[in-house]
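Note that the chains are named A, B, C, D, E, F, G and H in the order they appear, and that numbering of residues resets to 1 at the start of each chain.
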Amino acid sequence: MNEDKEVQLDDTDRKIIDLLIKDGRMSYADIGKELDLSRVAVRTRINTLIETGVIEQFTCIVDSEKVGRKVSAFFNVDCEPNSLVEVAENLANNPFVASCYQMTGPSTLHTHVLADNFNQLESFINNELYALKGITRVDSQILLRRFKSRTGFKL
Amino acid sequence: MNEDKEVQLDDTDRKIIDLLIKDGRMSYADIGKELDLSRVAVRTRINTLIETGVIEQFTCIVDSEKVGRKVSAFFNVDCEPNSLVEVAENLANNPFVASCYQMTGPSTLHTHVLADNFNQLESFINNELYALKGITRVDSQILLRRFKSRTGFKL
Amino acid sequence: MNEDKEVQLDDTDRKIIDLLIKDGRMSYADIGKELDLSRVAVRTRINTLIETGVIEQFTCIVDSEKVGRKVSAFFNVDCEPNSLVEVAENLANNPFVASCYQMTGPSTLHTHVLADNFNQLESFINNELYALKGITRVDSQILLRRFKSRTGFKL
Amino acid sequence: MNEDKEVQLDDTDRKIIDLLIKDGRMSYADIGKELDLSRVAVRTRINTLIETGVIEQFTCIVDSEKVGRKVSAFFNVDCEPNSLVEVAENLANNPFVASCYQMTGPSTLHTHVLADNFNQLESFINNELYALKGITRVDSQILLRRFKSRTGFKL
Amino acid sequence: MNEDKEVQLDDTDRKIIDLLIKDGRMSYADIGKELDLSRVAVRTRINTLIETGVIEQFTCIVDSEKVGRKVSAFFNVDCEPNSLVEVAENLANNPFVASCYQMTGPSTLHTHVLADNFNQLESFINNELYALKGITRVDSQILLRRFKSRTGFKL
Amino acid sequence: MNEDKEVQLDDTDRKIIDLLIKDGRMSYADIGKELDLSRVAVRTRINTLIETGVIEQFTCIVDSEKVGRKVSAFFNVDCEPNSLVEVAENLANNPFVASCYQMTGPSTLHTHVLADNFNQLESFINNELYALKGITRVDSQILLRRFKSRTGFKL
Amino acid sequence: MNEDKEVQLDDTDRKIIDLLIKDGRMSYADIGKELDLSRVAVRTRINTLIETGVIEQFTCIVDSEKVGRKVSAFFNVDCEPNSLVEVAENLANNPFVASCYQMTGPSTLHTHVLADNFNQLESFINNELYALKGITRVDSQILLRRFKSRTGFKL
Amino acid sequence: MNEDKEVQLDDTDRKIIDLLIKDGRMSYADIGKELDLSRVAVRTRINTLIETGVIEQFTCIVDSEKVGRKVSAFFNVDCEPNSLVEVAENLANNPFVASCYQMTGPSTLHTHVLADNFNQLESFINNELYALKGITRVDSQILLRRFKSRTGFKL
């Protein structure tokens, strides 16, 4: 919570953001029509949102199962406290790891992993994760069902 | 893990997807230049990726702190087993809830919440979350540090 | 531990048992050759082992993945103590449940489940398991790797 | 979950498998009578089931108490993550250990042990199990009651 | 964390606060001498600190053992989530309860209790605490040793 | 619980203590008026209470948020048992640490920390707390709501 | 901890107590010889120790396995807090229960049970213990090995 | 559970044992009167009970608070598995330790400690218990209330 990070946005900015979260490729013209703005005004505002860091990135959401990544797993990685940052940086560099967070609560790393299948997951666990120094215990869980997965924000 | 969901993709499809994950607004022309394809060929392939559900959505990633959502919290919501689905659907409809998953492991809902500040979070917990029927215990954690947050895939 | 249940076996009985655990269809003649006994003597001994209940059943071990049961899951089912037996009997009647034990330790049922895929597992959990009365919490785990799986004995 | 392992079976194959799970020594002739097949057709199908690995083994189930193994115990063996595979292989080689599995959930080995009596179990724990390197914590439980123990499949 | 609550203080204010935390009865004159200020200037500043709520209260710290309150106990009170606020208000009204907080982490009330002796503590637990509705589990701990107990701030 | 520590107090002593807990700067004269005592008698009694250690200190309670310390956090610091006292003394010397207690229950240090904001808290955790030798696990919680915070006594 | 319960004992009293803990049937004469006291002096002192309640009872320690009680089990019985005393009184009246204590820590009853064999223990658990109202969870453990078992004092 | 340890007792033996558990100093004559036996017959039987090890010891139960041991504490001592026996033997030699058991469940030593007061208990914990090698975690609890404490049998 960094108090001075907030950027002042007006209602139009917020409406543009909402439209782009829903469709990141929406054209300036279509946004302008929707909000009664000129194409140029929309472009200027979007550029400002990008420059001030409000919009971090345009991206697309891929159905991981359709590209063959069929197992979505979540790991609580318990670390020796003085190895936590090093373990986290190792995990962040691993291509199977989609996200890695430090939270309050136990001295654990919240880690999300995508694998093609169970054999690959087992190999990731035994050969890559468990091989890291400073890990004391790992708890793994497999995704059963998504009830909500809102786009536009990172955890 | 639905075995028949996988879509056959060639290398060019995969390269297009990678480019769009990095920049969801990249133009057909620029993608074509990068991959030595015509603008039309790119458009055709992207349309196919959308129609087959490989690309679920184009979106943008917003810096939640810059738009005033300063507290990112994670909840493990323990439910009476026979209320779990109902609780999950209630949480999915709550505007503070960004995501809600059922995992293997304990009969718990993995829930991510974004709030403007601690007062709002405390109010969400005591007035909205704890008011739901069928919840037996809640464990909440606050985000301290992001080590990796890969775009392009949902948990 | 029922002290009076033990049956007195001699060395030849134990050797016959070992051979039958390794190959349940081994013929009386082949067992006789191996142990220097007549075919009739082998048959008589095996019949006695069956009659005294030492050998409970001849069976075969099927590779569950090859017959389409691809997910092997283990559940710790926490029960309200006064519902434990009733829950156990319900689970024992469920075709997905392969085994169900009460152990010392927590008031939990050790339950093994085989499902064709994750969708079926999720449906079993949410529609059948969580619908049982008297269940307070469930912990589920998916088999990653078998290091040893000795035949011939139940847990 | 290895997607390409599944073998195509027809109804007759499945009926043969069910009969053999119930009685692993059932003769080709009796199976043929039951299913209206020739003795040779039954033998051919069973041989194919064995060659394709669908049937892994014929075996018999022994009443462990009647042969003097009166204590059935279950261990959760917590390992230092980078010693888990080595510990598992050590346990797999131990004659008291009937089965040893790695599951999702905590970095623990699911281990089943059969002992003749409590003195032997105590000796196994203190002299063999606790002597292994890389074990951080052990949780042991004793079987109180079997509610279901289906034959034909391994955990 | 209420962002707009902060009051602007200069160095002199902070020095006055530090002196008053160390000795809450220090006279205006003595503070003035220490900081090279007039008695009136000190009084004005202190009055402002009180009016703006920076200083909530002057108080004294009593050695609880010397006044006969010999047992300092800490309770984690687990509540049914929808009873947590009601339980907290009940505890806050109980004269044995010195403090009661809601924290992130589990849906538990952090509660500090002072009792004259163990009989009184046991009576408080069994007759007052356990009699409250909506409590599912209580964990109690007794103070063994104080390593630091800084005055001037509440938890 | 040191049995010989208790000091004999009469009713008037207890009333003076109660008044001073409520207002630590109350003048001898005002206390005297309230309790029908001379100014000198009050001063004598208070001096005795200080000399016998009943009153440990006069202090003031500062609103930590108003002086910019906006995050109140609580840590359970698990230690290797033979490092607990050393860790506790290190924590006691850390300016972010407001209190540090050893309790019955797990071999854990009950530690209260005040920080200006989350960045500072994260830095304290990763750079100062996790750097201490002999710490095996840390559990952190953030204050959500104060239901009671009685002055006059330390935990 | 009841401060006024302590009885003043001299060295001779303590020596008599030590002798009687070691051999509860030691005669007045033998104690007198050992401590250089008359038979009458010993009897008078022992009577005083009984009258003041220092010695609660003379008893003998029976080897539970030799009288057929072969399973020594320990239970942590978790109760709904407002049922704890009632559950405890029920357990205290059960002939299988040897001891039942309330401790600090979780709202659990520390209960020791002696049974003739595992069948009886299983029957006690399922038919008597789990039938009690107000029990939420039970954890049971079986004695593996006694390292020390000092006579003369209750837990 | 050592199956061959049991000694055959008749009803009269069992009645004598019951009388001696209730009053370990009951004279042969009084026992004889109660059971309609001669003094000599009683003595012979008791001697046999001692020689066969059925009666391990005559002792007395002392009220620990009345001899100044006011704090009865219970410890779960978690050990590195390969140090458990050594830790147990160290604890068994410590005069504060009244009993020490290894149970099924976690690799923990069940330990009962009697101390004169909290200062002594804190000193035992920090200077003696935590100084032992091979201890990873300790959980301590203080006795609040005895509901049942049957004499005659050890845990």
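The definition used in the following text is that a contact is a pair of C-beta atoms (placed from the backbone, for glycine too) under 8 Å apart; a residue touches a chain by one contact, two chains touch by 3 or more.
Note that the structure is predicted; figures quoted are calculated from it, not measured.
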Moving only from a chain to one it touches, give the least number of moves from chain B to chain H. 2
Interchain contact steps from chain C to chain H (minimum; 1 if touching): 1
Note: chains that touch chain C and chain G both are D, H
Quick check on the interfaces: C-G is repeated by which of E-H, D-H or C-H, going by over half of contact pairs matching? D-H
For the Cα fit of chain D against chain H, please give the angle of the superposing rotation, nearest 5 degrees. 90
Note whether the interface between chain E and chain H is symmetric in residue numbering, meaning over half of all numbers used appear on both sides, and answer same or different. same
Where the centres are mean C-alpha positions, what is the separation of chain D from chain F, in Å? 58
CA centroid of chain B to CA centroid of chain D, Å: 40
For chain H, which residues are shared contacts with two or more other chains? 1-3, 102, 104-105, 117-118, 122, 126, 136, 139, 141-142, 144-145
Note: in the complex, chain C contacts chain D through residues 1-3, 5-7, 9, 14, 17, 20-25, 52-72, 74, 88-89, 91-92, 97-105, 109-110, 112, 114, 117, 139, 141-155
Complex contacts: residues of chain B adjacent to chain C: 1-3, 78, 80-82, 84-85, 102, 104-107, 136
Provide the residue numbers of chain C that touch chain B in the complex, in ascending order. 73, 117-119, 122, 126, 129-133, 135-142
Quick check: in the complex, which residue numbers of chain H touch chain C? 1, 3, 104-105
Going by the contact rule set out above, which residues of chain A touch chain C in the complex? 118, 121-122, 125-126, 142, 144-145
